[in-house]
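A single structure is presented below for examination.
To keep things simple, chains are lettered A, B, C, D, E, F, G and H as they appear, and every chain counts its residues starting from 1.
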Amino acid sequence: MTVDVGIIMGSQSDWPTMKEAALVLDQLGVSYETKIVSAHRTPDRLWAYGRAAAGRVQVIIAGAGGAAHLPGMMASKTRVPVIGVPVQTKALSGVDSLYSIVQMPKGYPVATMAIGAAGAANAGLLAAGILALQDAGLAARLDAWRAALSDSIPEEPKDE
Amino acid sequence: MTVDVGIIMGSQSDWPTMKEAALVLDQLGVSYETKIVSAHRTPDRLWAYGRAAAGRVQVIIAGAGGAAHLPGMMASKTRVPVIGVPVQTKALSGVDSLYSIVQMPKGYPVATMAIGAAGAANAGLLAAGILALQDAGLAARLDAWRAALSDSIPEEPKDE
Amino acid sequence: MTVDVGIIMGSQSDWPTMKEAALVLDQLGVSYETKIVSAHRTPDRLWAYGRAAAGRVQVIIAGAGGAAHLPGMMASKTRVPVIGVPVQTKALSGVDSLYSIVQMPKGYPVATMAIGAAGAANAGLLAAGILALQDAGLAARLDAWRAALSDSIPEEPKDE
Amino acid sequence: MTVDVGIIMGSQSDWPTMKEAALVLDQLGVSYETKIVSAHRTPDRLWAYGRAAAGRVQVIIAGAGGAAHLPGMMASKTRVPVIGVPVQTKALSGVDSLYSIVQMPKGYPVATMAIGAAGAANAGLLAAGILALQDAGLAARLDAWRAALSDSIPEEPKDE
Amino acid sequence: MTVDVGIIMGSQSDWPTMKEAALVLDQLGVSYETKIVSAHRTPDRLWAYGRAAAGRVQVIIAGAGGAAHLPGMMASKTRVPVIGVPVQTKALSGVDSLYSIVQMPKGYPVATMAIGAAGAANAGLLAAGILALQDAGLAARLDAWRAALSDSIPEEPKDE
Amino acid sequence: MTVDVGIIMGSQSDWPTMKEAALVLDQLGVSYETKIVSAHRTPDRLWAYGRAAAGRVQVIIAGAGGAAHLPGMMASKTRVPVIGVPVQTKALSGVDSLYSIVQMPKGYPVATMAIGAAGAANAGLLAAGILALQDAGLAARLDAWRAALSDSIPEEPKDE
Amino acid sequence: MTVDVGIIMGSQSDWPTMKEAALVLDQLGVSYETKIVSAHRTPDRLWAYGRAAAGRVQVIIAGAGGAAHLPGMMASKTRVPVIGVPVQTKALSGVDSLYSIVQMPKGYPVATMAIGAAGAANAGLLAAGILALQDAGLAARLDAWRAALSDSIPEEPKDE
Amino acid sequence: MTVDVGIIMGSQSDWPTMKEAALVLDQLGVSYETKIVSAHRTPDRLWAYGRAAAGRVQVIIAGAGGAAHLPGMMASKTRVPVIGVPVQTKALSGVDSLYSIVQMPKGYPVATMAIGAAGAANAGLLAAGILALQDAGLAARLDAWRAALSDSIPEEPKDE
């Protein structure tokens, strides 16, 4: 099967965060798959996914928390663009996840997003922006999505 | 003029960092332009660049330090993928740059790289990886670049 | 319409924090308007607000969270004093907001307040202090407000 | 003697940072005085300065490092707007100065600037922006200063 | 009136933390007074307290949060030993309080305790330890308090 | 031998910092001894020093860096007041030292000073302030030391 | 009595975290004892435990929070491998515990684990990994434990 | 070839840090090999090393900086104890390395050492401590090494 985007995450507990990426892709009509690929618990699954990625998916979105090695290790296994989402953690609030994902050495970029749900949604939007470079219809849908977001902003704040 | 990648930065002082991105693009045969676009000192230049970006460049690499608003503001003006490079700063070592770039709200992703020169080089590589999705020749050159990096690693460390 | 103070914020979710500024201005008899001006979602609104600010408002209070670009971008568009309020965030508690607002480059000051509600109230007080330089009546009301705060402090703590 | 701006600092060692504020005021034709007022070593000097401030100066710029109490204590003694400059420190790089200055409780705002020299220059500019509200000539000079800064930005970065 | 220890704090909201100090002094039979002395809201009260401290109290315990200037300002007004307790804060968890209290310049020590309730209790114990240098009865009671704490530790942990 | 103050430190490399404490005690005419007592390398020396402290010294000043266990372990062995000086470290600038010293549990206070040389000097001053409670001559010398420091502050900063 | 692993902790309040280590050892059939050994409240118990450790236990797991001196002090008293678990704290989330445990000087390693429950479980696994070097049965059980963990990971995330 | 300890590191630039581990092993008569195994640049080398580790080496020491994935990925591939050394980095001083190494999820412990050279030396000592559990001669040499370190500490600090 070929899909546009592979959404992978280190564990089931990352899904409440990462489904924000899936929701955005649904809204934009981008196909995707969702997989649990744990860098530490299923390293061979990570290897297999990385080796087969080029040609199978166009963009990979990888979410992980703590010593978050999944996005960076995936970036080492494939030239397919990898977008990393730092999942918020209990003790360090996701600063550990952020540093583990963003501070990659020369050679292996991970396109790092904000910590948590906003970052996951933005991972979906960045994936769409990348795919839109070769898909005028998607570009138009993305422009519309952005315009709708802008139009949704009221002029003044309201008491709730 | 149309180029593949626009490398923009907040000031001349960011260039020693950002030219690492240019060097990588040179090695990979990707065309680019380099511009100083200061979010605060030349906001209208930022506006104009952002408005004209779609169709003119495929990817934007934006480097900035401190209250680094350039990458995020550019992302708000265009759907073209924006890669952000946090430039190291004197007092806060670039943590201020990193937080200002990566913590974007839902709607406007910035593909954030590591702080400093490694991040700039990786910005060039990520741009290449995005462009390679529609350019088999570039994909092959990127694969070769990555293979050469791997092959350059000696088996054992040496005293210097 | 001309008012003394423009209170602007990045989103509706900043209002529970920012209304502390409005409350203080109400107590001091300073006129103000409240607007949602998102740096990323409504950049053209930001531009228009900034261009028209001088002569229309005397002071701008701008609150934002995360990659908080609103105060700094507003400071780049107008010489009117801009007071920035870092709104508390979920993962990083507002340190991201604080760094994004306070670490401005030479040329574009943002008068940064404490993170959260205390900072918003103080933004109102600072705006009043600025306006009081040319309004003796307001100066007297501000002195009275400060004296009342001092007088409200009991001599000894009490069990509750 | 009456001057527009009082530049005060905790010690002689803050002067290399704080003279950036003086330089900007010189360029803009704003009168000022420079004083060493140590919150801890000369508390009575601080008291005297604060008590006499209203009517004598229009704006106070206060720089300090470490447990930087000067700006906040000055703000508690006068309704005159106080701009705080966190001076960079050896061990904590000025994060200690920043937190000690910016995290003021409700009632006593300090308009906090960036850590170090950029913050000091911006303190001068913010003081000018406040004074420009009642001085059209200064407003024009400030606009010109800002325009000159913008115009000084080259289109492209250069190797040095 | 003369007491051994003056427990002062910036506001009523610090009392739930600071009463841990009072509890320990009660247990050890040390006399004390409790006062609200806000550095910013009641600076003249701070001045008066500091000026009269020597001879009137032997040790001062001062608790404050955020830009916590009370302990350091008190230390600048009197040679009486000042023990500082950083009160936990909402956004920055008391790191702001800690840095504002501990990073004092040469000349004005504040004996800084841990953030929050443990720090307040320890402030009481340190005050007692200081007073015990000239009070053999108190020294014996402090030794007994410490021995009782040690004796209260069970050999093994238990499920609860 | 009996001295007023015991200055102990974890290693020879702490001495350039800790001699600031000795210098202050020299100026104030307070007797002291200096010892290397490493919590980890000479734990039995630590034990012996702690057991014999009460009656032999009045105050202990303990400096250490990194996982700085010396001040806290000394506080667990004696009721004599322990003043802790966090020595600056290479990687973490002394934040590790600070947290290891200041975050003591209930029962064992360490009077924590600023990181580095200022903290060491202040440790000497706090020791003097404690001893001055029972020594009117020392109280007068400490008052004079403080007055001289205040008097040394010039009215205005000077270019150097 | 001789057991394979000594699980020690600073207080009863660490047990909910530390029992994760005990659970893992139960699953792997490794014998252990659990003791409360407070570095500060029961220093002599620490001394006695450390002196008797070699020959009595093979590995020590030590958990503590705040100024967490237990693991490092134990490492100074015995050559038996010490595994440290930073317990999460209220104000600083366990960063204080982590720095106090991990930043040991040359000579006295503490094998530091992640903050909190995951770290405690991993302490049990590392102890087992060390013991498995001389126990083929345990090695096989550890391999099986790891394989079972890997096998428990589903292919795809599920809504809950 | 079989050696006791495998010292691996992410790049040649880690060697000046990591040779501290080798030096300690030399002093203790423990055999070792040194390899460059980059998690990102030579992931297959990492895989191969991890798969063959059990039976070939008894302990692995892994040093890496930044997004330091080598120790954690190695821990996921083998039950052999892995000791991680966070190498100091330019922008974030090794806090990024530390968080990436220590914050491992349940199942895959990395015995994390201090940042930099002290951590590397301690990695050698911990490896020796583990091996000493089954080698009485090594245990004696380790005891002697520790005793010599203790004996080297002078009683008093000296001016240099």
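A few notes on this one:
Here, a contact is a pair of C-beta atoms (placed from the backbone, for glycine too) under 8 Å apart; a residue touches a chain by one contact, two chains touch by 3 or more.
Because the structure is predicted, anything quoted here is derived from the model rather than measured.
The chains that touch subunit A as well as subunit H are B, G. Number of steps on the shortest path from subunit A to subunit E, with steps defined by chain touch: 2. Of the two chain pairs examined here, A-G and G-H, it is G-H that is joined by more C-beta pairs in contact.
Rounded to whole angstrom, the centroid-to-centroid distance between subunit C and subunit G, based on C-alpha atoms, equals 49 Å. Averaged C-alpha coordinates give centres for subunit C and subunit D that are 18 Å from one another. Residue numbers of subunit F whose C-beta contacts span two or more other chains: 11, 41, 66-67, 92-93, 95, 102-105, 107-108, 114-115, 118, 149. Chains touching one another form the pairs A-B, A-C, A-G, A-H, B-C, B-D, B-H, C-D, C-E, D-E, D-F, E-F, E-G, F-G, F-H, G-H. Within the complex formed with subunit E, the residues of subunit F that make contact are 20, 54, 58, 79-81, 83, 98, 102-109, 111-115, 117-118, 121-123, 125-126, 129-130, 132-134, 139, 142-143, 146, 149. By the touch criterion stated above, subunit H contacts subunit B in their complex at residues 9, 11-12, 14-16, 18-19, 34-36, 38, 41-42, 66-67, 90-93. Those residues of subunit C lying in contact with subunit E across their complex are 88, 93-95, 114-116, 118, 149-150, 153-160. The touching residues of subunit F, when paired with subunit G in their complex, are 10-11, 39-41, 43, 47, 66-67, 69, 72-73, 75-77, 89, 92, 95-96, 99-105, 107-108, 110.
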